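Across the two complexes that follow, chain A remains constant while its partner is chain B and subsequently chain C.
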Partner chain A sequence: MERVRRLARAALGVYVKEMKIWLRYPTWIFAFIALPYMLSGLFNGIGYSIAGPRAVENFARNTGVSNPFLFYTLGTALLLATEVLLQDVAYSIRSEQLLGTFELHYLAPAPTWLIWILYLFPHSTIMVVVLLATTLPVLAFSGVLSSPIDFLYACSVLALGMLPLLGIALALAALVVRYKEPGAVVSLVQSVVILLSGYFYPLTVFPAWVSALSQVLPTTHVISILRSLLLAGEGVSPLDRRLLTLLALAVAYPVIGLYSYRRWESEARRRGELSKY
Partner chain B sequence: MEEAIVAEGLVKVFYTKERKSLFRSVKRRVEALRGVSFSVRRGEIFGLLGPNGAGKTTTIKILSTLLLPDAGEAWVNGFHVVKEASRVRECIGVSLYSDRGFYWKLTGRENLRYFAYLYQMPRREAEKRINEVLKLVGLENDADRLVEEYSTGMKSKLNFARALLHDPPILFLDEPTIGLDPASARRVRELILEMKRQGKTVLLTTHNMFEAELLCDRVAIINRGRIVAINTPSELKRRVGRNNVVEVEALNIPPSAAEALSSVRGLRRIYTRIRDPASSMGELRLIFEDGVDDLGDVLSAISRAGMKVLSVKIVEPTLEDVFIELTGEKLGES
Partner chain C sequence: MRLGGGASFLSTSLLKVLRELCAAAYVGVRIYLRYPMWILSDLITSPLWAVVILLPILLFLPPEAWGSGVVAQNFFWGMVLWYVVSTSLMGIGSAVRSEQQMGTLEQLLLTNANRAVLFTRRLTFELFSLTLNTAYMYVFVQLLFGKPITVENPLPVLLVLAAAMAIAVGFGLIYGTLILWIKNPGALSNILQFVIMGLSGIFYSIRGLPAPLQYISYALPFTYVADLLRHEAMGTPTLLPLHLEYLLVAALAVALNAAGYLAILHVEKRLKRTGKLGVY
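What follows is the complex of A and B.
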């Protein structure tokens, strides 16, 4: 119990510190507010310019959703959440390396991998608050939020979908500890996730082998389940194949991520890499 | 356990890459530590004195669990630095950089608060301790300013405060006064002595012989990854011998000064320190085997070499003389 209390103190420290730093650079909040609508407008514009007046009709036929604005707003909100989660640990570590504070965390008794994961919470809090504030009105206005139970179910699916992303984030963080350069790999992984998750189109537009490949991404299942629940008004059984796959990924990816991080961390202690930046 | 720190046969090898061209690099093996052994008694200030690259920081990083040794073992406060790393971390305070390692967008107090929480201190205890250490280092009036507004000296004091935050019995200080102005350096030295008065054990690294003499109860002279001597500063200086060192201040000191004076009787070693390259003005430091027989002989040899003598003094040996005596190198050379 005392151990948990001590870890809670470390968690509080990370939370308060990151909140303060983020709120002293407040401009990104406006980006979170604006981006879902901006991107949604962008895709609608592209759709109309390609398909002309029949764009909405084609869209409904291909996606099963009649409101493209809603479809893209939800897709962009999820995309933002995913991207922040994927890059946050890696970029936080990079920032600590440059400040000279990274190595200092290894002088404290708290386990460092846990500290880096804790960095996600303050960022996620702000992101979730902003995204809910911006997308909930649209969802409510569109009549999507008719069932609060479905909405809570959707939130639980979202939370479950974040766990495998944590695992990927830790694996990316391991690369930063080793190579001190998050940009290239993080961008590459983010591009694959954006391309194969189906944020902005149904994955049926791709050949079968691409759709099969996309099944290893947790985001593919999250977006598919959320669309069923919120946009198509379909129920999703707890034994749904997508939900079970997501559950398996939520166990496997954090284990792989933690193993990779701890392995590179130990290697960094052996090679004297902790102090390099 | 009488000893606060014990190191036995520490070995550390690094592999670095030397870039020869865009695509070609050569791996180089650097032996940072070659069997370093020493122990530090409780309550003493122990100095690791050596030039840059001697292995001082590597030793501190192994002892503070940041680096794994390739061979050898070490214990801090009775805990093994590899097998009981988290127990070691609980009882050490470490100051590694004088002006890095802070969150610039947080105040000094907020920085300390964050590290207090990382050390898992209860909130009330943390606040009390933060106020104590801020007062101790003299930052209480600047505690609520952002660190980006701090001077180098203030950051150094904050760094020191952070090392003391959880009131550890053992402190590791890596070059604690490097880059500081004389007044700030003096304040940091006073703080180190205050820590000793409080009963803490301090292991500090320095290449500043004056600092080592002033602060340390015992000094280990380290060079090229090996400890070449350990003793009290006065015992170490006794190796060179009283009345064996002559300091000559002169003009026009040629690069071949040592060669020109090699014929002086009883001269064991000579080294020069140029202060003004334009006039080649500086000091010649002559170490004799067994006292100075004839200063006239020395002065004539200096004149013959074209130098103009400004002053001559028989001086007490310094730790730098000891270092040169033991290694044949100047502190800044390795």
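What follows is the complex of A and C.
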């Protein structure tokens, strides 16, 4: 019981600290809300400019969706949410290292991997606000939000899709603990995830081997399911292959991530490299 | 230069600025080469990002038009201009913020070096990065589309690119001064980047924009750079008569740099007087 209480105190401490930092720079939150609309507007503007009046017709033929604005707004919002979670732990560690407060985390009455995971909660809160503020108006305006149950189902799929990302985030965090400067590697991983997830296009545009490769990413399945639910108005059965794959990834990735983190952290401790950066 | 020697005031000043530029370039190159993983990461991620940006645009075209040479050309020059806008906002404009965060801003402002040179020291590796990325995209876009990227008038294209960089520096100085003033720009750089790209016709002509938005486009300096570059590279018609557009771009390059330089001096003086230079 005491352990739970201590953990709850640590969680509250991390939550309050990170939320204070977020709220210190509210322009970032507004930017996250505005960016999906801006990027969608940019794609649509260029699309209309190069394709003329047949732009929407071509788009529908290529994607099966007749509302490109909704398609890109939803895609960008999901991209922002997943990418923030993906890089969050790694950059939080790096930021603590640069601030000189990294070592203090080892004095906390909770394992460090757990503390780093706790960083995800305040960031997830902001991302939920961003996702709701971005997607709800455009979904409601487009009239595709058939029922609140569908929306809740979509939210559950999204939450399930975040679990494997937690595993990838921990693996990236392990890299920071071991190799310190994470920017280049995180940027590389992010680019591959963005390319293969299909936030802005159906994956059928790629050769079959690329589509097959993309199946190992949780984001690929999340986007595909959400498009079916929200854009195509199709039901997704709980036994749907994509949902089952997502479930399997939600178990596998956190296990791999946790294993990598603990192994690399203990390696860094053994070599005395924990405080070198 | 010997004191009391024959050198004129102008030549001494020029020599001083040149020395400062060399020193700034040296620092820029040292910093760039200190992180080879970033160079490698840039080389790998650039084509990936290009695909991520290109595909959503292609979806508006019928699949048979995806290999069109015109689309390939528009896309290639759009990417080049995107780098220029990024250099202005992220490279030069945000240099002030990175000096603030590293805690070196006060030391820099204690020197008697030219303020504009101080804030453009990232220009060296931005230029290097721009050249590398342009060459890389040139090969990549040709491989992707299977169409050659041809340049109708190579020399004027180089001239326009030089003017584009001059405008980027001037615009970046003004934006950097704003950051010096407001301290933390938050997400302003990202928002501004999309607004400029959307309204300046970086990937397409602004003629396709709704009429009210076109008025804003005409007020943005990058609109004319993008228009001239496409004209010289692809032979598209210009928004204004050609000689007038060249004149305007040259005037903008001079005016923006002068305005940026004066703005930095003014804001620095004001911040020193109010004691807010080191507050951030």
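Simple rule for what comes next: the second predicted complex is superposed on the first by the 275 of 277 C-alpha atoms of A that agree within 3 Å, B and C clash if a C-alpha of one lies under 4 Å from a C-alpha of the other, contacts with A are read in each partner's own complex, and residues count from 1 in each chain.
The rule is simple: contacts are C-beta pairs under 8 Å (C-beta built on N, C-alpha and C of every residue); 3 or more make two chains touch, one makes a residue touch a chain.
All of these numbers come straight from a predicted model, not from anything done at the bench.
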Side-by-side fit of chain B and chain C on chain A, or clash: fit
Partner chain in contact with A:116 - chain B first, chain C second, else both or neither: neither
First, second, both or neither for A:91, with chain B first and chain C second: neither
Which of chain B and chain C A:99 touches, first, second, both or neither: first
Contacts of A:253 with chain B and chain C, given as first, second, both or neither: neither
First (chain B), second (chain C), both or neither touched by A:191: second
Angular separation of chain B and chain C about chain A, which is computed from CA centres of the superposed model and rounded to the nearest 10 °: 80
Chain B versus chain C as contact partner of A:201, first or second or both or neither: second
Touched partner set for A:48, first chain B, second chain C, both or neither: second
First (chain B), second (chain C), both or neither touched by A:72: second
Chain B versus chain C as contact partner of A:264, first or second or both or neither: neither
Partner, of chain C and chain B, that touches more residues belonging to chain A: C
Three-chain overlay, closest Cα atoms of chain B and chain C, distance in Å: 9
Chain A residues contacted in one complex by chain B, in the other by chain C: 25
Residues on chain A engaged by chain C in the complex (per definition of touch): 25-28, 30-32, 34-35, 38-39, 41-43, 45-51, 54-56, 58-59, 61-63, 68, 72, 181, 183-185, 187-188, 191-192, 194-195, 199-201, 205
Residue numbers on chain B that touch chain A, as the complex places them: 12, 14-15, 58, 61, 64-68, 86, 89-90, 92, 94, 96-97, 100-106, 110, 113-123
Chain A residues within the chain B interface of the complex: 6-7, 9-10, 12-14, 16-17, 20-21, 24-25, 99-101, 103-110, 115, 266, 269-272, 274-275
Chain C residues within the chain A interface of the complex: 35, 37-38, 40-41, 44-45, 48-49, 51-52, 55-57, 59-63, 71, 74, 184-188, 190-191, 194-195, 197-198, 203-205, 208-209
